[in-house]
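The following pair of complexes shares a single chain, chain A, combined with chain B in the former and chain C in the latter.
Now for the complex of A and B:
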């Protein structure tokens, strides 16, 4: 079954994939820097009237919590990565590595860049987990 | 003591340098101890901009380019560009040029720091150092005055010592800047560099050996003039805008926060980092220990900036205690962290800092030194050399202590160090037994630490660049990795991915942009944060060249590239030299791919207007306004 990105169903599948990943367990084992929030910018053309945040409660190689949040709440996370829908689609498909996306200006980071850079392998593993979720993209279903 | 007094400049009656150029070059004959002034022709300024472009023109017009690189007849030409010493961002650069002792072809090595700006403020666009002295000398420049002074007491001292001694000796010139060689340059190590104030180097192509062959230990400069742009109002507005732009750009922020070694972490992810002399795939354990965040967190004492730079990527570091204790000083760049880290599987960053300090003091290029040492490790692993050849050193992967010893042996030309001091390619020829397979160079210049198996356009750059394997004559790194786009140049949107199609066009355009960047003496890191139009504007408002735009910029890139390629053709370079080493054409894994180098070179030749031997065609030279080169080449 394919899950719509982003949605409650999709994020819970994503959490399962993260916590099933031995690679992420290892590469994220020392991560104690707090939550990472992925903000998908509004896109009325696919019925996304508001920004949607995906709050990832990451800690020591485990995704302890995952939830959809408002853009206001998202800003409370120590790390906020923001991009438009097409960019996040590329990330989920494994076509764009988020840290590379930040260096290219395709994704915006609020938070400490060196901390993020230190975890490039963990970032790659999180992308790998996302690509394992059977995903249906809103722009394709219209 | 010898003196030369020059008059104030006609273009700057109040001692102010206008329009980016002083129009004067100091000429020093080390054989006769004579100093004189040469004018910088107006025609050369606009056509070749400055820096290595103008240096190449002077080299070809005035000197016997076939002269042995270490003979008195090979000049060392040190040139500023029009942007050097302005207050625009990233304008510290200058270039040291001549026939390379390492490669035998055109050699050039740009440097940051403060020396170039000080030289401009002293009233000089550059200097031509020719001949050779019998005894050690140093050159003191204080504004329009120049003196050659005895350096017998300085010969044998390292770059840090000689810098401190000369600054103390000329303390009345409070802001004096020093450009000096160490033991490696004195001992004519083929990849010796020249150091500016300890932490900034003309590292590549062996310009330190060229300076050493002239018995010139150092150049001290102090200038007191101001540099004023031609178009003051526009300049001020542009300056404010560009400083802000550079500060806001993510690559600039990453460099400021983590130094160039941020490339280790990011490059490991993108398969850019060479591991175990280019034979192993990515290894995140190495990058976690050797990368920019680790360097910053564990060893950084403060940031440091070159002249007029809002990025401040330089690291000042200290290893406090332990076997690799260092004084507080300039830290390793990304390339050095690879050269003495990933290339030999060493993950002790303190040891890399120590290696960097040794190289800085002795004055050798860390890229070539690390490459030569990794090559020796592989020869040892394969049994081609043994402990008998290494004075008992066990060159085992992961072990840094033998590498530290080898640095000293190379700089002092002791034991196997004497062999490696000739450069990796020459060492392999002498060692034989298949050692040539382990050499990763182009035209004798060891490859910088970016793996073209991840980025095929970079591979083309290595193959055809005019100084051998080079990642700094072009903007390929930024363009191919998607960090900069430069659509005004004709570059299209995306060239990412390990593929070769379309990369020749990308490379040509990014070379046409990168070449004038070096000639104008703008830092590539700053150009990576701004647009091509911004760069053209920097030149226009500084020089006052009416209508100077991106098109003119790219034309100058074509022109300067053809000039240097002409020099190399005259020095015997042919199409077979525009190639990649076997190792770069060998996949790292069954799924890996490699650059289609023959296809890309063919396409590049067609786009650049070269004939089947790699020479610029007659009509290409005519179109570029280089008719004077035709009689030299044909």
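Now for the complex of A and C:
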């Protein structure tokens, strides 16, 4: 079954994929820098009237919490990565590495870059987990 | 020259570049074009005493509202705060930085704060500015940093002993005025070190995982120009042709790495600079050949092409041998221009290298290294080779 991105169903599948990943368990084992929030910008053409934040409560290689949040709440996370829907689609499909995307200006990062850079492998593993979720994108016909 | 089927890139180079001997006198015209009426010159404590700043001030005429000259070699948040406060007092609507990387980056920081308010650290991150900032004209007095065309600024947080990176398209300066007269007085060692920084920008842009054809073209030609003109500029600081060509090469290198990014050399140099105060260009110069040898198996063809750009005959050689030749040529080159060859010569303590190796894994440049690096032990080995 394909899950619409982003949605409650999708994020819970994503959390399962993260916590099932031996690679992420290892690469994120020392991460204690707090939550990472992924903000998908509004896109009225696919009925996304408001920004949607995906709050990832990451700690020591485990995704302890995942929830959809408002953009205001998202800003409370120590790391906020923001991008257009189409950019996140590229990330989920494994076509865009998030850190490279940030350096190229395709994604925005609010937070301490050195900390993120230290976890390049973990970020790649998180993307790998996202690509394992059977995903349906709102801009594609069913 | 083959590129991957997955090649994709964004190339940005919006800065208007003006080159010519005496071009600094164009500052007033460019300020007018940018509708600047209250111009703040940003420079350092030494340059402000020279005719270089006076030339720019005279060119700006009545538009020059003031000069902020508190910039130090390792600029910091406190300096940006001071400059912003002064700029606000003056009602500055345009910045003209005159100096090396530190002055340029200070002006970038002030430009953010003047427009967006708050303190600079509130704006740390990548691409988080939501619109244009105070316009900025750059007049470099060194040929190496390339910051006159780049989208980044590195500012030290002296209180917490860390370097903050600000990277945003809106940080790219509006105008760069490259005037060879502005670099004529640069001492030999600084000429050599900043020139090696530029060479390193070219080579890192070429071996970066984000290398692409447009940046490649700039970087390859930059290497040829630096190989030819840096020794001349070091030998005779008054060689106006060599000074000019080095300014152009440095600017091309800046545009190349601002798009293609950097790699392990800068990551290692940043850390050795932060911990032991080794000047950036010298750290790069020492580490560059060792890093090439470390990366060699990841992209021997690239280094073979670099050897060729450095003037070596590598036709018929196995790519790995040709790549090794690139490292050897760089060693010979840096010796010839009087650069230190080891970290030991720069008073680096071997006992501190392990911590540097850990820090290097947190440097943004390392992301683009052609050989992925996750183990501080590997970095430590490079430092030890260079020690």
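By our rule, the second predicted complex is superposed on the first by the 140 of 142 C-alpha atoms of A that agree within 3 Å, B and C clash if a C-alpha of one lies under 4 Å from a C-alpha of the other, contacts with A are read in each partner's own complex, and residues count from 1 in each chain.
Everything that follows uses one rule, which is that a residue touches a chain if its C-beta (ideal position, glycine included) is under 8 Å from a C-beta of that chain, and two chains touch if they have at least 3 such contacts.
A quick note: this is a predicted structure, and the numbers were derived from the prediction, not measured.
Novice: Does the chain A-based superposition show chain B and chain C clashing or fitting?
Specialist: clash
Novice: Contacts for A:111 in the overlay, against chain B (first) and chain C (second): which applies, first, second, both or neither?
Specialist: In the superposition, A:111 contacts chain C only.
Novice: Output check: A:103 vs chain B and chain C. Expected answer is one of first, second, both, neither. What do you get?
Specialist: It touches chain B and chain C both.
Novice: Who does A:8 touch here: chain B (first), chain C (second), both, or neither?
Specialist: neither
Novice: Contact-wise, after the overlay, does A:121 reach chain B, chain C, both or neither (first, second, both, neither)?
Specialist: A:121 contacts both chain B and chain C.
Novice: Report which listed segment of chain C has C-alpha atoms clashing with chain B; options: 27-35, 63-71, 81-89 or 117-125.
Specialist: 27-35
Novice: Could you pull out which residues of chain A sit against chain B in one structure and against chain C in the other?
Specialist: On chain A, the residues that contact chain B in one structure and chain C in the other are 99-100, 102-106, 109, 113-115, 117-118, 120-121.
Novice: Touching residues of chain A toward chain C in the complex: what are they?
Specialist: 99-100, 102-115, 117-118, 120-121
Novice: Would you mind writing out the residues of chain C in touch with chain A in their complex?
Specialist: Touching chain A from chain C are residues 9-10, 12, 124-128, 151, 162, 165, 167-169, 209-210, 261, 361-364, 366-368, 372, 374.
Novice: Considering the complex alone, what residue numbers of chain B touch chain A?
Specialist: Where chain B meets chain A, its residues are 249-251, 253-254, 257-258, 262, 265-266, 268-270, 284, 287-288, 291-294, 296-297, 481-483.
Novice: Okay, in this complex, where on chain A does chain B touch?
Specialist: It comes out as residues 27, 97, 99-100, 102-106, 109, 113-115, 117-118, 120-121, 123-124.
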